[in-house]
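Labels run A, B and C following the written order; every chain starts at residue 1.
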Amino acid sequence: MKRSLVSILLLLGMLLAACAPAAAPTAAPQAAASTEPIKIAIIGAMSGTNAVLGDWMKKGVTLAVEEKNKAGGICGRPIEIVIYDDEADPTKSVNLAQKVATEDKVVAAWATTNSTSALADIPIFAQYKIVQLTNGTNVDITNKGSAYIFRANPAGPAYETPLVDFLVDTKGYKKFALVTDTSAYGKGEADYQTAALKAHGLEPLTRQSYGIDDKDFTGQLTAILQTNPEVILFGGSEVASGLIAKQARQLGFKGQLAGGSAIATPKFNENAGADNSEGVFATAPYLTNDLNDQTRAFAARYKARWNEDPEVHGANTYDGTQLLMMAMEKACPNITGEAIAAEFHKISGYQGLQGTFNVQPKGETIDKTQLGVWKGGKLTPYTQ
Amino acid sequence: MDNVSLFLQTLVGGIGIGSLYALVALGYSMIYRSMGLVNFAHGSIYMIGTYLGIIWYRGMVMGLQVPYGVAFVIGILLTAGLGLILERIFRPLANMDLMLMLLGTIGLGYVLDNLAVIVWGAEGFAVKSPLPETPIMIGGVALLPQMLLLISVSAVLMIGLNVFLAKAKIGKAMRAAAQDRETASAMGIPVNRTNALTFAIGAGLAAAAGILAAPIVYVNPAMGSAVGLKGFAAFILGGAGSIPGAIAGGLTFGVLEAISAGFISSAYTKGIAFVIMIVVLMFRPGGIVGEVTVDKV
Amino acid sequence: MKKNAGLNKRVVLGLAFVVLLGFPLVASNRYQVHVVNMAGLYILMSLGLNLAMGYCGQINLALGAFWGVGAYTAALLNTRLGMPIWINMPVAMVLTGIVGALVALPMLKVKSHYLALVTIGLGETINIILVNETGLTGGPLGISGIQMPSLFGIPIDGDERFYYLVLVCVVIGFLAARQMMKHRIGRSFIAIRDNDVAAKAMGVNTAKYQIMANSIAAVYCGVAGVLYAHMTTYISPDIFEFKSALFVLTLTLIGGMGSLAGSVVGGLGLPIIQELLRAIGNWQLVGFGLAIMLVVLFMPGGVMGLTRRLEEAGGIRWPWARKRIHEKPELEGPNVSRP
């Protein structure tokens, strides 16, 4: 008995030692005009199948912040970023949200790369009055009644409705099969696709689903091919969608493939292989870096910094960060989550990489996408 | 696609993935035979083995690029070497409890998984098949060349292993050392060395499986866990330590999965496969073929 | 001398008491309390695992699923029917107890690593149901908006207050476990663990106790689940996967399997160490893995085993142990031929 107690005490002692006030900055509100850095966090999937999303988010946000810091920061204060990996796991994400709110004491956070985790984090950021940005597409994100959530890209239906409209009205397709993953993103996409089809009086022939880490889709594809569809619609990660496209073609499917934002990325093309991505339709607010001077300049700066070309996620996180920083400047010198959120809601008419931004009361900022098609391994805007 | 060709298609897919599981299960079996160790890190070895081979094929090592076949061999050899090192580390564990072995291999899994992320990054990449990517159509069934390669090379390896263990002198020595250490030692067989070789072969098989499957799936540091668990299930299902058992278990598991995914429900596939496996074990606790007695002292 | 020993023990206990009670006041921020709360839940699950596996020899790796059943029960009862934690807790305990007993049934026929697989499989199956029965469980999106409890009108919101609730549960759980092991049930468990054939021959109803052991382990996990749901107010299927069971197994083995204090040590120590090392990232986990391997190679009894070994010779003996640390090697194979 004594032995156990001693061991337990030793542990508790260790605990206390660990709790000794760490080198974290004090709780003094950052309203004091100083040169203290403004802290923001990035919580996202930095490992696992969705790791590429975390990587893109990191690059887009960091580029925007570095440019701003070089130009003098926000009223003389530099922005500092802390980065955490939530592995696309909502329960880890919730823990990390708690951490950045109470330990790191950030004023704003990108959280997260995935809709499921973003949804889970919303109550926490709302409770601690921290601005939350995300590029997840599930509509529920802005329906939770939080005044602190902002979406840096269009919501899911903005991708799926124009896509389905095009496929049905212009191309005349009637037989659709859906294959999406079981995350909030995938499920959302399936729902929006089904709703869009319904508006045309159509129903999907089948709705297949897979886990976010699955790599073999023979089962789902077999079930799909049984129904003889004309179109297969995707809703899942870049990696999975690419693999499904590849496996579908390898199983002999000759019909049309199409999908929303994940399909509009180079990762999709890499996994599908240029032969299999040929002719695939995709909708996204940012199709290529070649759209206009602004995007070309951005792409050049991104490439110089990260040694790779940007794509839609790097672009939308860059856009979102610009919006955030604009709000911060307006809130100067009172840089608190509350003030920033209030200023954020007032933003309108901002010309970003994805188009024009008008922040809505619920946190939406932009709602237009473009239709593109993959040709020769490159995504190009679709012209009739 | 009519129902017959659909069924055949599913079957082919099941045999393909089943071959993969069989190779992994064989790896488990070999390692189990070498020291009675149930290696929970085998999935991680599978992943590392894949990387160790594919990096040469993709020109990721100082720009050197080698043909797929060469990369295949290099990967297997490097991973077998890793197996030799691991056997040496785990040798004292062979004298201890199952739980400790389990824990030790869990630790190993953490080490391997994270080293992979540190060295190669968390993201992963797609691998182009060395063979043409258009499927060969036979009677309405699409046969992917890489899949055919996977199945045929797996078959060769499995048959080769069986023959080796039955006929070759070293192979017979390995079987003897696994079954009865003291007697084998008394007969002049260098037990430690043969066990090390057994372990190395187990690791090499995992690498072979991964390198063959890489162009079909996707390579990233997380690729080992799902395959590791299913390979483990196949290993147990067939009968721990049994070579034909591992093959039977792997193929059965793969076909079960494919059929349930294609014809029952893709969402519940994993669950169905596990439930069937549990039922089988309840009626045949030693596995389909039956466990092999292994002397682990 | 005897009087001093008694006094020493009371002093130590008193100190522990003070430290435990005062912790939230000393912590520098809420997140640290949160980490300790989570550690408390792991202690509970580890106690359950220890009872089933350390004392009764039942390899049960379906813990994550039991945790999940407990959490979802509480979440559903609370969000659909508005039930408070004080009702959810007993309901969840009964439910997980039943599930635990059901899981135990196929386990009666199977041994050692087969057992591990069966329990993993059962756990995974339950998890898949949680993910796919979207109508019932919300699927991968989980259930949010679970209310934090309140006691006689005082809301238990926030990690600091929840800490005391967790503390009470852990203390009760620990004492209950200790009491159980002191009585007949404990002796039966150990008899089954050491040699179940002999136990049966001596008239012990092995099936009954095996089922009980697994059921109890499930209940402990269920309690942890209810606490978890009300503490984080959001649950999703991810945390209830096999990797959580693996984590509990790891910390129990490191703390010391077969020792209740080991559960406390491991359950408290490992999550905290993990959190402290978070900053280093991947190297953290490499180090973690290496540390585990070192523990296994040099401290097979875990931390508690180490302290015990320092006092006496010998180690923990399980039915699948092939030799004691200080005895001669035996030549028999694994427990395979038992039907």
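By our rule, a residue touches a chain if its C-beta (ideal position, glycine included) is under 8 Å from a C-beta of that chain, and two chains touch if they have at least 3 such contacts.
This structure is a prediction, so every number in the text was calculated from the model and none was measured.
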| item | value |
| --- | --- |
| A-B or B-C, whichever has more C-beta pairs in contact | B-C |
| Chain at maximum distance from chain C, centres defined as averaged CA atoms | A |
| Where chain A and chain B are represented by their mean Cα positions, the distance between them in whole Å | 36 |
| Inter-chain centre distance, chain B versus chain C - centres from mean C-alpha coordinates, in Å | 32 |
| Residue numbers of chain B (touch at least two other chains) | 117, 267 |
| Where chain C touches two or more other chains at once, by residue number | 131-132 |
| In chain A, residues with contacts to at least two other chains | 182 |
| Interfacial residue positions of chain C with respect to chain A in the complex | 8-9, 12-13, 15-16, 19-20, 23, 26-32, 34, 36, 38, 131-132, 139-142, 144-145, 232-236, 238-239, 259-261, 264-265, 268-269, 272, 276, 281, 303-304, 307-308, 311 |
| Residues on chain A engaged by chain C in the complex (per definition of touch) | 1-9, 11-16, 18-22, 24, 85, 89-92, 94-95, 98-99, 102-103, 116, 119-120, 123, 182-184, 187, 211 |
| Chain B partner contacts - residues on chain C that touch it in the complex | 53, 59, 106, 109-114, 116-118, 120-122, 124-125, 128-129, 131-132, 242, 246, 249-250, 253-254, 257, 282-283, 285-286, 288-293, 295-297, 300, 318, 320-323, 325, 329-331, 333-334, 336, 339 |
| Parts of chain B lying in touch with chain C, wherever the complex brings them together | 36, 38, 89, 92-93, 95-104, 106-115, 117-118, 180, 182, 229, 232-233, 236, 240, 267-268, 270-271, 274-275, 277-278, 281-282, 285-287, 291, 293-297 |
| Contact footprint of chain A on chain B as seen in their complex | 1, 3, 6, 9-10, 13-14, 17, 117, 121-126, 128, 133-135, 137, 142, 144, 216-218, 220-223, 226, 257-258, 260-263, 266-267, 269 |
